[in-house]
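By letter and in written order, the chains are A, B, C and D; residue numbering begins at 1 in each of them.
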């Protein structure tokens, strides 16, 4: 985990210039950011073959953003109502843990995640897109959603990404949190041993 | 099957504020909503491998909407001109039944479905996108289409979704029917035993 | 092959109202319409797995349009620079023949197709999207292209579809030709024995 | 390798009319153009199955552009942070070499590529979309990016394509370089033995 870098990168100021101060303050509080999978890390598409779901489409920008978060000491978790070995595979490749699948009560899952990390809900963020995410969104410090969510879900979020789920929404969320916490500059280290080298 | 909830959720009023009263009245009459598959539950893409169609792309928001409909006592059926084990698989996972595949006359299929359920066409809705759907659209109480349909099909529908087929068009249709019938509020129950837990 | 129906359907007039008379006249001349595959019947995406191209994404609306053309006595052929068993499979399911794959000179291929059918290039249409299609587009009676083509290709076409390749561009082309020839009305026959029943 | 054709095609002037002279001058200097893969040759989507990444979606227009570049004597290379047999397969089919995968320091990779070809960085172009590409973009003669990149990456590029990665961005880049070097006209040769015949 890197320390606060103590200097800023132009991208930080550019990102924050678009974000209301109250949202920045919420993003600054996030010690663990939890993401829904379908509709957030993907566009909500379910690719079925004869034997059921056979593919999920993730995004390279998102993967890199999640890695940057972890490298900067911000915890990342995934919570999904579905169950998929594909999701587990992608999480494992990115080093994302814990992930919770087949979850019926996401607000309860967030409580469990917070307790396991020694945190409270006031230190958690959550990004979701459907009814099942509503209670979770209403309880965290930083509630994020996507433009592809039903409007009555995204309207309860503190912040809605510009990009759609699966097309960089998660990266945008990671960049916002990193910028709000003054940690984005450290992500532009380009030395061979730097974290930029591990593109996911 | 839940009873009419007797109270309203802000989303209901927000959805209905965008829908003309005459359309709401049609949606209120629907006791069984029938959906075409290609172009409605998908964007019309046919993914071919060497051995023919090998994938279909469904949508998580749609799946949840169909489940909410069934939970609220509104019947759901699928009728398609093609034949695919993939479609059967997805329907089975969602608990959608009956489904009719390889249908050449969709208007006749709707008659069959109505009779099987002890209903008349004045209690059915249908959502379709192509020539084969035209006669069916012209006979039901509530005819819905998608923006990706040829304009000469969608223009005969009573209502056209904002989202494209496969990108939430079916969910939008489910939400409209549930709101018109005052049943959407019950879908925001977030208790662990609530139906929100079963995300599809 | 149906005779000229002798009556019109509203869709015919609506389609033709958007098309310049000179283009309608060209479309009226078409006795065989030839389509490129990648970028026209698809969006140009090539889905690769470890062993090379493994999927192609076709479109249900296009398939139905091609079937309507054939039912109305307008010949359909595909000519492509690539070689794919997937393309052959899709063509076979639609009853499209002939198809020519691995073609290096498309203008020559059109000559071959015309001769085989006892036609001249003044009775052929062609829809393409890349440099390899340029000479072919410049020689046929009706040259069509797609908005996803490089602009210097689509600008030589007589007509460019509104929809992108793989998203209904071919259907739009079929509808235009059928309407220009007064044959679209026959495509709305909805009796059980009608051609609408065979959705592809 | 063809000589400078000595005459111009309308597409050349049309392309160059949209490009600032300083950018044209940079594109003229390019003797080797290097492309990132995910987000540039694709839209950044990662298609996962149970066993990890199983598909990549490339684009036919891009493939043809890369072939034209090589035919006109401009070297092409790919450099990616990920490792995929699918990428190797596509490159082999297009005759693109060298490709470097699993690269952690792209600026260093460009140095290696330049040295191997007897060139300097002032003769190289690079097209990338993420943090890992930043240092590489800042060192080449012609730095290109895509609209789907984070804005703080694309803003450091000399030129950003209109089309998104995987939807023709690479072709647009190839066309620009070929036009700037007066080599695009030679790409419209339509004789059977011409390079247009080899569509990829």
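Please note the rule applied: contacts are C-beta pairs under 8 Å (C-beta built on N, C-alpha and C of every residue); 3 or more make two chains touch, one makes a residue touch a chain.
A quick note: this is a predicted structure, and the numbers were derived from the prediction, not measured.
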| item | value |
| --- | --- |
| Farthest chain relative to subunit A (centres taken as mean CA coordinates) | C |
| Same or different contact residues where subunit D meets its copy subunit A, judged by the half mark | different |
| Fitted rotation between subunit A and its twin subunit C in degrees, CA, nearest 5 | 180 |
| Between subunit C and subunit A, distance of the C-alpha-averaged centres to the nearest whole Å | 44 |
| Distance from subunit D to subunit C - Cα centre to Cα centre, in angstrom | 31 |
| Multi-chain contact residues (two or more partners), subunit D | 54-55 |
| Chain contact graph, described as a line, ring, star, complete graph or other shape | ring |
| Which pairs of chains touch, using the document's own definition | A-B, A-D, B-C, C-D |
| For the subunit B and subunit C complex, residues of the former touching the latter | 38-39, 43-52, 54-55, 80-82, 103-105, 107-108, 129-132, 134-135, 148, 150-152 |
| Residues on subunit C engaged by subunit B in the complex (per definition of touch) | 10-11, 14-15, 54-61, 63-64, 68, 85-86, 89-90, 93, 166-168, 171, 175, 187-188, 190-192, 196-200 |
